[in-house]
C-alpha cells in the first residue's frame, strides 16, 4: 500500500525481529489483545522455519494508545527478556523527521518536496543540506530551511561536523537525493540504517562513478536505479527498492540520464515511503519490505 | 513466492475469512501453539478495521500433522461456532487435481503441461477435455487422458453432462485454457470459485468477443490478459491476476494476438500457482491474493 | 528517444502522410539531397504495402536552413501536387507554445512545469488556464501567466469564449492536465488533434467518470492512465500513450488514486514530449508514434 | 513487430552499415525504385550525423524478386565500391537454419521448440546438440535430430571438432539455450555474431557463474536475463535484449531460479525472433535493433 490517509492518534506500529522460536505470534497477539488492540495489518517473514530469523510488523488500533503507550513499551521490554528479540513500537501519528542532502541535480529533491507537500509521504523535513547553493530557492519556497555547506573551502571532516551539528536531535533519518559526496564511516555511524541513497544504476551493475556513461558504452537495453541504505561499503548497502526503464540504440548518453532521472525519482520516493511507514527491516545486508 | 519445492508431510495451510472481531489472531495462534505448530508464513488482510471482513492465511509445520489433522479440524469447527468464520485446512502434501478445458489454440495448454511437468506448479492433471480433437497428441504425450466432447454433434447441455460425469469426484478445479465456449450456470454451480478462465484482454476493457480485433481498431498501446474465476456473469468474475505487454503502430491484428499469447500464458500460469497454493480468497466480486 | 538537447538552427522535421505509392521515399530523399540536407533520423510506416497509407518522419540537418526554408516549402508544395500528400515542415529551433488547462489537482501540472524548466520538454508555456484559483501561486512562481476562468459564475459557452480569446494566436496546442470539464465541439474544432488529455484509466476500460472508484469495485490488479487527443467523442480520441502500475487487495480507493497519479504524470509528459518533437501522426482514430 | 505471418516469395530485406555520408538513402531508394520495388518498412539509425556510422534496414516487395535477385546483388556490390558499405540482401522466404545447444535445463529449449512449431519464429532447426542425453526425447518428439556429444569422455577440443562437423554447411546460427559450457575462441571464430547466448542475469550485474545465488545474497529486488551475441570475452558480447521480473524477500534462491526461467525464455525467444528477421545489426560491442 502506497498511501495511508487520515492518520489517527490511536494507531501504532510494532516491529519485531528475533530468532525463530515457537509461540512468538501467540505471545505478541495475546499481549495486544490484553490491551484490546485491534490488529489492522499483520505481516510476517521467516528466513527458515527451523532455525532462521523471524520478522513481524503489526499495525494496530488501540483506543487508549496515548495513555497506554508507555505501559505497552514496558510489557514489550519484559517480553524481550524471555524471547531475545529486537522490537520497536511507534505511534503512527508521530511523524518522522527527514533531512535531505542534495548537490546540483534537483529532480529527486523536487519530487520529494512535492510528494511531502501532497501528503503522499507523511514526513517532516526540518532541513535540506547541500554542498552547492543551487537548490536554495527551490527549498525555501516550501518554507524549509536550506543550509549550504560548501566542500571547496573546507575539509570533508569539517563539513560533516557542521552537518552533524545541524542534524543531531532534529532529524530521524537522512536521504541522499543525488548527493554526489561519499560520507565518512564516522558520519554514517551516527545514522545506522537511517541514511537512504539513490544510486543511478541497477545495482550491482555499474557500481561506482558514471553509471550512465558505462551503461551507454555497454549497450544495455534497460536503465535502472536502486535505493539502498548507506553502509561503509560504497554501493553495497541493503537494497530497499529497484526499478528499470526500457531504452534502445537511439538513446544517447544524455538521453539515458534523462530516462534514468524518472526511475530515480520514483524508486527513491517509494523507498522513503516504506521507510517512513516502518515497512522496512534490515537483516544483514538485505531488507525485508512489508510492502 | 512463485515456487515451493520439496513439500513435506507436516506442512498445512489454514485459510480463514470472518467478520472483523477482536482476538481472532490470538485465538488461532494459541490453538496452533497448543499443537506445537510452527508458523512459517502468516498473511492477513482487513477490508476495514472497524466493521470490515478479516482474511488470514497461515502456513505452518506440525510434526504430528498426519495424526492430529482430524483433531485440529474438530477444534477449528468448534472455534467457528464462537467466531462465525469460514475456514479451510489443507495438507500441503495433498495435491489438488486440475482438469484443463481447451479448444484449438494450445499455447496455454502447453505452458501448463510444461510447468506441471517441471514441478513449477504442484498439481495433478487427471484429464484434459476439449470440443476439438486437435490437442489429443500433445496431451497424451504427457501420459494424461484426453477426452474429445464435440459440440457439433450434440447439444451443449448434453456435452456438459458428459463432462460432469468425467469430472465429478476426480477433479478439484477446472482451468479454461482458451476454451472458446460459455459454460452454463448449471455447470458453473458445480464448481463455485473453482473454475479459472484466461480472458485475452485487460478486463474490463474489451469484454466479450474478439478483443484483439477491437484492441487493434482502438489503437491501444498495451495488450493485456486477465485470469479470473468464472461466474454466471460473463467476463465479470473475480480477477486473480492481470498483466500487459507494450505494442505499437507496427503491430497488425495478428501481431497483437501473438504478443497476447505470451501474456495469457504467464498470467494464467501465475493465477493457477496461487490457486493451487491456497493463496487466493474470493470475497464478493474481488480476490485477496496472498502472493 | 526522450530527449534531444542543444537544438540547432539548421535542424528541421518533415512529416508526410499519403496513400501508398511507388517512389515516395526516393522522391523525397532526392529533394532533400538536392539541398545537401543530411538525414539524421528517418522513420516510416505503412498500413498496407499494396493499397494502404504511408507515413514518414525525417529529421534532417541543412546548413542553409534559415535561408532555404521557404524554397523547400515551395518545392514540397509542388511535390504535393503530384503525390497527393499531407506534409508539414518545421524548424526544430522554433519552440511550440503549449497552454495548460487544469482544475484542482496539480500533480500533472507540477510535473509539466518541472520538465519544461529542466529542458526535458522543449516547449514554451504562454499561459495556464483554470476553472479554479488553486494553482495560481504554483504557476506564477514559474513566471507563467495564470488565468482563472470560473465556471460557477458564467456559462460554459462564455467561459470557452474567454479562453479562446486568450489562446488564439498565442498557443499551438493545449494540454488538459486533469482538467475536469468537457470541452464543447465548437471549442475543440479550433484545435483539431492539438488538444491532449490525460484520462485516469487504461482506456477503453472505465470510460467516463470515477474510474478509480470503479477500478476499486471491480478489483483490478493494474491501474492505468491514457494520454489521447481530444475529439467530440468523450474518451474515444486517438491514444498517444498508455501505461499501468501494479496494485493489490491492500489498496484502498484512495491508494489507487495516489498510485494512478504517478502513472498519469509520466504518461502525459511522455505523450507531450512526442507531440512536441513531431513524432505523432494521427490517422483515423489511431496514432503512429515514431518514438 | 514480433510476428510476420504469410511470408511471400517477393519480399526481401536489405541491411546496410556504412560511415555517414550524404546521399546514401537517396542512392539506395533510387536503386530499389529502378526495380519497381515497393518499400514496406524502412528503419534507419545514425550514431552521429556528422561523422558517425549509418545503419539501414529496408523491407521491400519486388514482384520479380526470384529473377532479379542476382542482378540486384550485383548492383549493390557496385554501389559498395562507391560508398564503402557493408550490406546484406536476403529473401524473406529463405528460412534461416538454427542449431540449439543445450545442457540439462530444458526450459529455453522447450520454449523455442514450441515457438518454432507455432510459427511464431520462422526458422528451421536442423539439429540440437547437447553435452547431456536428457533432452533427447523432447527434441526427437519434434522430429528434430538430437546429437549427444559428452564432455566427460573427451576433451573440449575434440567435442567442439565433432560439433563443427555436424554444423558446418548445415546451420546459419547457433543458440545456447542454457548451454553450460564455455566455447573456445577457435569455435566462436566460425560463427562471428551468429551465436546467441542467454545469460541468467541482468548483465553486467552478476557476470560469471551462479548469478541466482549471488542475486539472493545481494538481496536484489529484480531478477533479470540477457540475450547477447557470444564473443571471446565471457558475458561481454553485444546485448540484444534484456528484461527483469520483480521479486521480494520471500523468494528463496530456488524461487529466484524459477522466476528467472520465465524471463530467460522470453528474452531469448525475443532476441532470436529479431535475429531471424534480420532486425539486429552489431556495431562494435553494441547492437542496433530495428524492433
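All chains are identified by letter, namely A, B, C and D, in their written order; residue positions are counted from 1 within each chain.
Throughout what follows, contacts are C-beta pairs under 8 Å (C-beta built on N, C-alpha and C of every residue); 3 or more make two chains touch, one makes a residue touch a chain.
Chain labels with UniProt names: A, B, C, D = Formyltetrahydrofolate deformylase.
Keep in mind that this is a model prediction, so the values were computed, not measured.
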{"item": "Chain separated most widely from chain A, comparing mean CA positions", "value": "D"}
{"item": "Result of counting contacting C-beta pairs for A-D and B-D, higher pair", "value": "A-D"}
{"item": "Distance between the centres, which are taken as Cα means, of chain D and chain B, whole angstrom", "value": "37"}
{"item": "Separation of mean Cα positions, chain D and chain A [Å, integer]", "value": "42"}
{"item": "Junction residues of chain B, two or more chains touched", "value": "41, 45, 250"}
{"item": "Chain A residues within the chain B interface of the complex", "value": "20, 22-23, 25-26, 29-30, 32-33, 36, 38-46, 49, 61"}
{"item": "Footprint of chain C on chain A - complex, ascending", "value": "1-5, 41, 107, 110, 114, 118, 120, 141, 250-252, 254-255, 258-259, 261-262, 266"}
{"item": "Interfacial residue positions of chain D with respect to chain A in the complex", "value": "45, 202-206, 217-222, 224, 238-244, 248-250, 285-289, 291"}
